[in-house]
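In what comes next, chain A is part of two complexes: it sits with chain B in the first one and with chain C in the second one.
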Partner chain A sequence: MSELGRLALLLGFACSIFAVGSIAWGLRTGYSGPLRSGRRAVWTVCALALLAVILLERALLARDMSYRYVAEHTSKDLPLHYAFSALWAGQEGSLLLWLLILSAYGSAFLFAYRKRLDPFYDAVAMVIATVMIFFTGLLTFVSSPFRILATPPPDGMGLNPLLQDPGMMIHPPILYTGYVGFIVPFGFAMAVLLLNRSGTRWIEEVRRWTLFCWGFLGVGILLGARWAYVELGWGGYWGWDPVENASLMPWLVGTGFLHSVMIEQRRGMLKTWNIALIALTFELSIFGTFLTRSGVLTSVHSFAESNIGPWFLSFILISGTAATALILYRKALLESENRMDAMISREGSFLFNNVLFVALTFATFLGTTFPVVSEAVTGTKISVSAPFFNRVNVPIALALLLLTGAGPVLSWKRATASVLKRNFVLPTFMGILATGIAIPFGAEGVYPLVCIFGAAFVVTTIVMEFARGIQARKSAETSALPAQVVHLVKKNKRRYGGYIVHVGIVLLFVGVLGSSVFQKEAHAPLKTGEALHIGPYTLTLRGVTERQKENAILTTAILGVERGGKFVGTEHASKALYSKSQQPMTEVALHWTPAEDLYMILGGVNEDGSASIQAYINPLVSLVWGGGIVMVLGTLIALSDRMRIRREEQVG
Partner chain B sequence: MPRRFASLLTIVFFLGAAPSSEAKPRDPAHAITSQLICPCSCGEVLSGCTCETGKTMQGYVENAIKQGKGKDQIVGALVARYGEVIRGAPKPEGFNLLVWVLPFAATLAGFAIAFLVLRRMVRRRALVSSSQGALAADRGGFPAGRTLESDLEELRARAEAELRRMRE
Partner chain C sequence: MGNSTRLILMSLVVIAAVGYLILTGVKQTGMQYMTVTELAGLDRAPKAEGFRLDGTVAPGSVEYDQREPKLQFQMTDGKENISVVYEGLMPDAFADGREVVVEGSYRHAERAIYASKLVTKCPSKYEAKGLGKDKS
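Moving on, here comes the complex of A and B:
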């Protein structure tokens, strides 16, 4: 079966090359035959990638230890569902998943535009197929998941205990769906440049594809944060880890693009900038895979030893250079159709918002890669971690929050003094009021106060926008307020979907503020019957148990939880010792309320029989997850707007 | 007005970046451990680290505070033992100063460029409008701010849409 897997990948490589060559020939000659063949080759790569995935999954589920990948990432006592998710636990499997999603995007793209006769869409498929050449080549010649061991071991090394969590079963595929999806906007952008196409119709298609993968990437990031929260046991959800940063960077640039694309659609401006943002988003998504898979972050020496690091770096350099060269070559095509009317306008605010998104990305990129650069230059290993990012990224993010409020209430073209007064006085007043109210509750320091001001400012501007919309439709509406809001959103899903995403962002900011600045922590060794006090809570150790759970020994501290002297529940904080790795893992106990989480960890059992208990109160953390859900809702609403347009087009 | 806005943002940045803006630490030990990295391979920030090495280090910091040692003394001793890698953020000196300066410098440069680009575009717009206004007045009828190119683009898009409909 391993031969079949290798053959599938080799054929995939050949088909990818054929797809690119055939489409290029068709585009050059104008013949439709080569274009059709190229399209079929893209479909074939998808089928071959699926076959390779099925074959590897079959080996993983059967624990066929003759496969090196299976022996390295599973063991016989590994539960079946984790054997399934081991596909994305290692480098080769992750790359195969990348290829499957990439080829699925290529096929979905061709399916979506199957009725369009314009060869422009073939050119987009050609760009996607070019990236397929890289991934099939990598999986065929450099990092094959179908390598066979001469002497299969009796059992495998097991799956990394950190990955043995239900969240890890869905987080990577969702994240990859977001990451890889940026190939489609990139394909559109490159096709426009290659074919020297003018017009702005393609930009609406790009916006929709970008919104789709941006939404997936956002959900993937949030799921990763949730996984870190319940699995890593340090009381937080975002540690500015390089892997987290790698996923955040394309999301940030993608967010910038989703704003600036509106200027191109409305005013035909910022074309070069938008194409550059699309290219950057794609390059960053490749860079993210490079960061996490090349070993470059551990040390410059690991990078040199990595078998895929240099390939990825070369691909990034070549594709980045090609994209830049094309942008410069087609400079005339990207000339703005209009000029800016005034500095103080929505266009102006979006431009500054873009500067901040790119600056935030740059700060994240610099902090993530700087340890390697510093080690190479000075010879000394350093760390650039949360203490750095909290100091540098937070002020930039807060400035973005303020612009989130300002942008939507500035008019297009020119915001007059009366518009500014009408739109800014109330939000500013509400911001100051909220800040004033928060201070007696313990809010202090510039960051928290700016955050509270910004949150109130943004929410007020959004409420004002909704109120204005309802007011404008009042003559047509006689129904109740909630129904009017629904009608308003339905009338312009894209606009109000965007506002709902902004509400989600505000909730996220407030959640992060509450759970970081107002977090409380306590720890103590407890013997049975002893109690630990934290805020209004009292945790009493009822006992410690030990039992075998699948492939791990689970030591559990049973804690009785009281709030203000009233019993509220029994919680179980555990430590799991996995048989293969002998690595202890934390199983957090969470006592959830809408206002705060009581987060309990068993540090371990001491020699005197006491249990080390660490507890945190994380206020408002539910707003982080709630904000994420609201953002997803807003994204879906904004996406559905285009679906309506398509239906109308079909009817027409 | 835009200058004031840019100045306001700059002030927010630098106030935000100032050390005094940090939230009040929960306890002296947390103030130190939240700035350090666990020296084992886990790479976690020490204050939240749950591994054995992390717990030992947290205990070390707490004991050192009880013995009356100051923050600099404790961090200095740990850096001497484990190297600079134990700091969660590099000291802003020498080559490592770059990582602190560049993000803010790039942000300010970005704002400056965006401001200059906007100003240039606004000025060009004003020039184009006035010259087209004059032309419109001379020849009669061609509205200011509307170019031949934009008309052509509109017509081209309409023709393409009609062709597509005919093909389908």
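Moving on, here comes the complex of A and C:
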């Protein structure tokens, strides 16, 4: 079976090369035959990748220890669902998943445009196939998941306990769906340059693809944060760790692109900039995979150092250089059709937004790679961590928050003084009001206050936008307000979907503010019957139990939780000792309320029988996740616009 | 003033502001990234306090008071040792011989790092070693 797997990947490699060659030939000669063969080759790679995944999954689920990959990442006592998700626990399997998603995107792309005979779409497929050459090549020649051991061990080494979590079953595939998806926008951009196409039709198409994978990437990042929160047991969800940053960077640039692309659609400006942003987003996605997998930078998430680092770096260098060269070569195509009329306008605010997003990405990139950069520049290795990112990124992010409110209410071309007055007086007032209300509750410092002001400001502008939209239709409508809101959103899904995403962002900001600035911590060793006080809560240790789980021994502290003297629940903070690795794993107890999380960790049981308990109060942390859900909702609304346009096309 | 001039001006202002943030950020939060041997070899107290060290946990050196909680151990790069004091819970993957990264302030008189952050790399046990050769 392993030979079949290897053969599938080798054939995939060959088919990818064939696809690129055949499409290139077709594009050059204008024959449609080679183009059709090339398309079929892309489909074939997808089928082969799927076959390879099925074969590896079969081995994982059967715990076939003759496979090196299976022996490295599973054990016989591993629950079945984690054996399944062990596919993305290691490097080879992760790369295979990458390839599967990549080729699935290639096929989905070709399926979506199967009726378009324009060779432009073949050119996009060619770019996607080029990347498939890289991944099938890596999986065939450098990092094969189908290596067979000379002497199979009686049992495997087990799955890293950190990965034995439901979150880890969905986080990597979703994150990859985001990461890998940027290949399609990248393919569009490169195809435009290769074929010297003008016009903005592709921009509308690329926007939807970008929105799709941008949404997935965002969800993937938040799921990763959620995993860190419940699994790593340090009380937080974001530590500016290199791997976290790696996933954030393409998301930031992608966000910038989703805004600036509107200017191109509307005004035919910023063409070079937009193409550069797409290319950068894609390169950062590859870079993210590189960071996660290469072990260049120390991270809680980097599980091993490996041999694929140089390959990835070379790939980024070559594809980056090729993209840059193409942009320069087609400079004339990217000539702007319009000029900026005024800085205080929608365009101006979007441009400012873009500069800030790129600056934020740059600062994150620099901070993440600082040891390498500083050594190259000054000869001494300097490292920065969370305090640096908080200092640098927080003010930039706050400026972006304020722009979130200002941008959408500025008019295109030029905003007049009366527009400014009409749109800004009430939000500013509400912002000041919110800040005034927050101060007695203990909010202090410039950044928290700016954040509160910004949140109220943005929400007010969005409510005003909705109100204005409803007002404009009032004459035709007599239905209830919620129905009117739904109707309004339906009428312009892209626009109002976007506003809903903005509401999600505001919630996220407030959640981050609450859980970072107002976090409380307390710890103590507790004997049965003793209590720990934190904020309004009293945690009383009811007892400690020990029991055998499938592949671990679970020690649990049972805590009675009272809030303001009233009993609110019993929580279980545990430590699991995995039998395979003899590694302990903290299992956090979370007492969730909409306003705050009570987060409890069992440090361990002491000689005298007392349990060391550490507790945090994380206010408003549910807004971080809730904001994420609202963002998903907004993204889905904006994406659903696509179907309507499609249908119209088919009718017309 | 033309709009392109304004545009460039605006970009410059943003770049300058971000540059300022980055520079002061590095100055105030940057940590010197050294090997244990380099740090142990210093004969005078270094000017800056912030340090980041990579190394492994010297076997047998771990003292852990779970009640405080306070973790003390010797960090080694195979040649020299440095004491590390960390006030916090022991990370799950922490153990003798594990690769760790510590960040914190160095007190030359005690030859010790007071760590504010302790990251344990996942044990390499989960990867290739120990399974022997591939079937050719």
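In this text, the second predicted complex is superposed on the first by the 631 of 652 C-alpha atoms of A that agree within 3 Å, B and C clash if a C-alpha of one lies under 4 Å from a C-alpha of the other, contacts with A are read in each partner's own complex, and residues count from 1 in each chain.
Keep in mind that, in the parts below, a contact is a pair of C-beta atoms (placed from the backbone, for glycine too) under 8 Å apart; a residue touches a chain by one contact, two chains touch by 3 or more.
Note that the structure is predicted; figures quoted are calculated from it, not measured.
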Fit-or-clash call for chain B and chain C when the two complexes are aligned on chain A: clash
Partner chain in contact with A:614 - chain B first, chain C second, else both or neither: both
Which superposed partner A:510 touches (first chain B, second chain C, both, neither): neither
Contacts of A:225 with chain B and chain C, given as first, second, both or neither: neither
First (chain B), second (chain C), both or neither touched by A:606: second
Which superposed partner A:115 touches (first chain B, second chain C, both, neither): first
First, second, both or neither for A:525, with chain B first and chain C second: second
Which superposed partner A:160 touches (first chain B, second chain C, both, neither): second
Contacts of A:343 with chain B and chain C, given as first, second, both or neither: both
Touching partner for A:450 - first (chain B), second (chain C), both, neither: first
Region of chain B that runs into chain C when the structures are aligned on their shared chain, from 19-27, 37-45, 127-135 or 145-153: 37-45
Where chain A meets both chain C and chain B, residue numbers: 233, 339-343, 351-352, 355-356, 359, 362-363, 366-367, 370, 374, 380-388, 391-392, 395-396, 586, 601, 603-604, 612, 614
List of chain A residues in touch with chain B within their complex: 115-118, 198-199, 201, 232-236, 239, 241, 268-269, 336-344, 348, 351-352, 354-356, 358-359, 362-363, 366-367, 370, 374, 377-378, 380-388, 391-396, 398-399, 402, 444-448, 450, 516-517, 519-521, 586, 601, 603-604, 612, 614, 652
Residues of chain B that touch chain A when the two form their complex: 1-2, 9, 12-13, 15-18, 20-24, 26, 30, 34-35, 37, 43-45, 47-50, 52, 55, 83-90, 94-96, 98-100, 102-104, 106-107, 110-111, 113-115, 117-119, 121-122, 124-125, 128, 147, 149-150, 153, 156-157, 160, 164-165, 167-168
Contact set on chain A toward chain C in their complex: 66, 68, 71-73, 90, 147-151, 153, 157-158, 160-162, 233, 298-300, 302-304, 339-343, 351-352, 355-356, 359, 362-363, 366-367, 370-371, 374, 380-388, 391-392, 395-396, 523-525, 581, 583-586, 601, 603-604, 606, 610, 612, 614
Contact set on chain C toward chain A in their complex: 3-4, 6-7, 10-11, 14-15, 18, 21-22, 24-26, 28-34, 52, 54, 66-67, 69, 89-90, 92-93, 95, 101, 103, 117, 119-128, 130-136
